[in-house]
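Note that the chains take the letters A, B, C and D in the order they are written out, and that residue 1 is the start of every chain.
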Amino acid sequence: MSGSTFGNIFKISTWGESHGKAMGVVIDGCPAGVYICEDDIQKELDKRKPNNSKYATKRAEEDKVIIMSGIFEGKTTGTPISLIVHNKDYISKDYTNIKDIYRPSHADFTYDRKYGFRDYRGGGRASARETVARVCAGAIAKKILTDLGINILAYTSSVGNIKLKNIDLSYINENPLKMPCKEAVKEATTFLDNLIKEHNSIGGTAHCEIDGLKAGIGEPVFEKLDAMLSMAIMSIGATKGIEFGLGFLASEKKASEYNDIFYNHKNKIDKKTNNSGGILGGISDSSKITINIAFKPTPSISIPQNTINTNLENENIVIKGRHDPFIVPRAIPIIESMVAITLLDYILINTTKKIECIKYAYLNF
Amino acid sequence: MSGSTFGNIFKISTWGESHGKAMGVVIDGCPAGVYICEDDIQKELDKRKPNNSKYATKRAEEDKVIIMSGIFEGKTTGTPISLIVHNKDYISKDYTNIKDIYRPSHADFTYDRKYGFRDYRGGGRASARETVARVCAGAIAKKILTDLGINILAYTSSVGNIKLKNIDLSYINENPLKMPCKEAVKEATTFLDNLIKEHNSIGGTAHCEIDGLKAGIGEPVFEKLDAMLSMAIMSIGATKGIEFGLGFLASEKKASEYNDIFYNHKNKIDKKTNNSGGILGGISDSSKITINIAFKPTPSISIPQNTINTNLENENIVIKGRHDPFIVPRAIPIIESMVAITLLDYILINTTKKIECIKYAYLNF
Amino acid sequence: MSGSTFGNIFKISTWGESHGKAMGVVIDGCPAGVYICEDDIQKELDKRKPNNSKYATKRAEEDKVIIMSGIFEGKTTGTPISLIVHNKDYISKDYTNIKDIYRPSHADFTYDRKYGFRDYRGGGRASARETVARVCAGAIAKKILTDLGINILAYTSSVGNIKLKNIDLSYINENPLKMPCKEAVKEATTFLDNLIKEHNSIGGTAHCEIDGLKAGIGEPVFEKLDAMLSMAIMSIGATKGIEFGLGFLASEKKASEYNDIFYNHKNKIDKKTNNSGGILGGISDSSKITINIAFKPTPSISIPQNTINTNLENENIVIKGRHDPFIVPRAIPIIESMVAITLLDYILINTTKKIECIKYAYLNF
Amino acid sequence: MSGSTFGNIFKISTWGESHGKAMGVVIDGCPAGVYICEDDIQKELDKRKPNNSKYATKRAEEDKVIIMSGIFEGKTTGTPISLIVHNKDYISKDYTNIKDIYRPSHADFTYDRKYGFRDYRGGGRASARETVARVCAGAIAKKILTDLGINILAYTSSVGNIKLKNIDLSYINENPLKMPCKEAVKEATTFLDNLIKEHNSIGGTAHCEIDGLKAGIGEPVFEKLDAMLSMAIMSIGATKGIEFGLGFLASEKKASEYNDIFYNHKNKIDKKTNNSGGILGGISDSSKITINIAFKPTPSISIPQNTINTNLENENIVIKGRHDPFIVPRAIPIIESMVAITLLDYILINTTKKIECIKYAYLNF
């Protein structure tokens, strides 16, 4: 309704502005009995940090999470989990010069129109810093999913038009670009070094895979699993497109080429191909779920740009502050978090769909 | 939660199976005082019908809508509007032979796993016939939007790899493919005629534009307008991808090429380009919202296919029944409906976002 | 949000006006695999009918329920269940004389102010006829609860100031007043016969008990089981008060008198008293849940009353139509229905509260 | 769904345990442009404090609220408002002796059954300390309502069976019992002094009035204003009953006595009586809304009580800690808060109910 709440049963409410006191999230609906400590969350949060990468913002937040409620004797109590990350390294004066200016391809203008005014410090609530809270909540969801045998993996699949030549998953965490391909990383590194010199930024794509999810997750009609994952992922800033399985390429296929043929593989159902990307009729089919996501270039660049101010007068702007020339690597843990939160929520929902399951649960737990 | 309810304030709940008694929708939250009659809805519903197109199913439903509640003296009363379309031309025997078989790329298997069994008659709830209810609700949303000066237009933008050569919007309703390009239609016609002969089907893409929406619609963070439209559209069967503005192409651009430059156009804010597709920070910016959607080929084909049955034994299947070799033209009114419902819902939500507006409304209405 | 939707997982949306075509309900979220037929629902619906009682309206609706969707081969499919009851015996001309008049203690005035106009035929959506849909949905909830060993029983506990002298539950269905006391019924019969002669109506109270509910149902803080039951029951027209356990009498007690003492009863926890009425901290404690509900007299009487019309001019009104001199007996199945729907919903919700339960459910169902 | 979230548009999520680090609330959906500072909230919070009253707990929390987000340049931004109150004066060792014991009439047992274990420190999430967060959110709602001309007033209306003799509203804040009657206060003071000596506690009632609410607020059928206020108020710990207008007394009335007669009062609609308590058909009618609420005695007393432990063995318990012999005065600001949050939410909802209002809002704000 108002945008900062997500999920049905595993419901998260995030808060905080880029240059406010802190970022936070309240999770209402995490099952009781899950072992969670601050380190579990910190580990994921650290993946989101720029970590001195030259391709990322110079803002160096410590991003230390504090558990404020909902955990007792190391376990979730079933009541709200409140997590806070204090903001420390913000420099609000960076932004006073853009107080009255609408930065191109930023949300300045639309927030002003929506609310009548805006918190202009660092983009306020529209800043990518908001995703700190998503990663905090995602860390808990991920831990539960891992325990259920479900793994989520995202990586950078292109930098501008530099694509992967081959895929070596073990290389993802060996490079600041989070790309699973040494050759592509080399090419992209040269490209990005030049880009930084020209004070520009570039778009890119990410790929995400979900492995180990059993069949039956996702709801029919409006809450199809792909629909909900689309909402979840497209809610991340800078995303401009999403596709599942063959995606846009599927639009060029005949059914005789596209249809995934079921067969009996060691007494379990399997598919000869996975063009559909693991979802049929909006419900998981137990094969790998595969997703591609397109990101636009980050709009904040230090190249002079024309724009207008709040009085609609012409202005020429050079955006200062500390920004990311290539945002995709930092979006990777956020994609994983949003996918984890969505999956967990629909797994919880699915628990209530068969009367036999409900009877068993009511009588035994 | 359970999939068949959509929307926050303008909330719709749909029901009905392909071969059940009827399809229906209950709308709870339509504002009072809107003039609506059955013809307003019938007009949109007729666009969804196969209309003897050789590229669409031979099932010839009359699809006559009945208003069951919520309208009095020609106007919406503010209480639930119930709409029903009775099913008439269904031939359930067509499906008894697939009762125990999992059709490739259909939802048979996933529904079975989710619920323990399934209504196999014509796909049951997973059938595209479910969209009748979406179009009924969409017709009402559209009428309200039109009155607010907002227009939604969708059309077929490719058939397999046959793309538009040029765009002539006046041609959309002059051809059964709903393509705005005479040349492309000609090419596609030849292609589809051959396709029908080989009992195959083909994917395609649709384009959708929203014109006249003022700035400020959409909520921050999770309920960004593009996120909600993605959910809405990706919930339509057979969709495999969605993109806004430049979409996937944005991933190859530098910010210096991509950023849309604001300028003062006759004392109103305007943008030199619209690469972002009318949404900034998840909120409408008053320029045209542009969306591309990818559809896979309809999976039901009469070419023999291997598959397995519910006992995991090999089967060879030839799908009978009456199906669509090219689904995109019939998806056009459904896209428009889902977009209309989503926009109206977020316009209603936005009514509650400024205290000045609330005060005025409380004191004057 | 708009009032006609209730529940979280077992979510119902009702529709229909007193003098419209039909009353209906869509249930989205009923678990799959529940055996339900029209007779199961009809049985409950028949309890709501006036059944020629002289204490109830002369409107003689057949109230025949039709299952429109969601049941296949005798079982719920997990997708929306649509139920319809056609209206037949309505006489709309009865109401044209009150088109412009605000009947005392009716909703005519408030609906007009809320929506700008109203469906004046028989009270439109504000009519008690709306509860037909609640009983339809309640019948399904009740069947599931019965199967879990949970029983809900409601009865009339007073007519005006005629109270129960003793309680004989077997007598409830032996008298049209649904009172478990022969002596009170005798007294009330004389009283009501006189009341009918003076064209008046009288208030009364109902009592409701829930037996067999295990401990742990209900959510903390805002969604306490007593809070949700209060909302559910207070949403029934004509209710003016509700209390649990000792209720208002608890306000006169000391803790040393009031506190329910736990003890070990045959190796199970039990309480020496049940002053709290089966709910502690908003969560069921496995003892009987006891509820008292107050109903005002039905406002429609044939005694002349002063009032004003829509132009605020004085009017004298004699309300014609067919009304209930004593409404409580007809509210009994509605109370039971609302309690059943609420309990089932919170039992479904509770299924997702322990991680061990979720793991078991995910891996085994 | 999980209990700690309340409201539709003005949605609040609370968190925190009695002996945890802090109590907090996130409000997502507060309109933009409302002037709010910490003092506005602190003022309400201070009303909830025991303030050295001998009738209230000796726990002396400073209860200092901190605004963490959502306010910029003194005004709400339309994005989430996060409020925190740090816990300071908690003595967790007080509770280790009850770690394995189920205190009579407390939530210890039910939380254990629901979640498998519980935070036993001071009642954890089930503690009345949870209401700190409600008052924080309520303060903001109240400020908005005041600005719309709506006033909410609650007071203690009885202590045990000591009732009000007369009503002098100006006396409410002149006595620690928050009673509007000098004579009753005198009598109650003697009674409570004796009660404290015997280490006991007593129940009581509160009365709440809403003045200045225009007609039309509240939704039909399930979300009637009285139903929603019942849920809101019955969610406060220790409540056992609620009634509107004449309440339970209405059950003894004939319609000819009960019906409120409309008349033209200075060209506005008015009622000769207000037996219905300001709500007709679930919608406000512009007269005063009147509510009575019953509270049980606080269960924590220092008189020895029998009970059992988690092994179902007999125990004799004397509850230490710092508790309230009479809770109603401290519940007063909480009642007002819950009423304010509910009213504001339904005022926001009502903004979307007339098409003329929506058009005006869309085109002008």
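By our rule, a residue touches a chain if its C-beta (ideal position, glycine included) is under 8 Å from a C-beta of that chain, and two chains touch if they have at least 3 such contacts.
Just so we're clear, the structure is a prediction, and the values are computed from it rather than from any experiment.
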Counting C-beta pairs in contact, does B-C beat C-D or the other way around? C-D
Equivalent interface to A-C (more than half of contact pairs same by residue no.) among A-B, B-D or A-D is B-D
Report, in whole Å, the distance between the mean C-alpha point of chain B and the mean C-alpha point of chain C. 38
Mean-CA-position distance for chain D and chain B (Å): 45
Chain centre separation (chain C, chain D; CA means) in Å: 26
Can you tell me which residues of chain A touch two or more of the remaining chains? 1-5, 8-9, 14, 29, 32-33, 78-79, 114-116, 125, 214, 220-221, 349-350, 353-354, 356
Chain A residues within the chain C interface of the complex: 9, 29, 31-34, 76, 78-79, 144, 147-148, 214, 220-221, 347-365
Show which residues of chain C lie in contact with chain B when the two form their complex. 1-5, 8-9, 11, 13-17, 20-22, 24, 26, 28-29, 32-33, 66, 68-70, 72-73, 75, 77-82, 114-119, 121, 124-125
How about chain C: which of its residues touch chain D in the complex? 1-6, 8-9, 14, 102, 104-107, 109-111, 113-116, 125-126, 130, 158, 160-161, 195, 198, 200-205, 214-224, 226-228, 230-232, 234-235, 237, 239-248, 250-256, 258-264, 267-269, 275-277, 279-286, 294-301, 303, 305-308, 312-314, 349-350, 353-354, 356
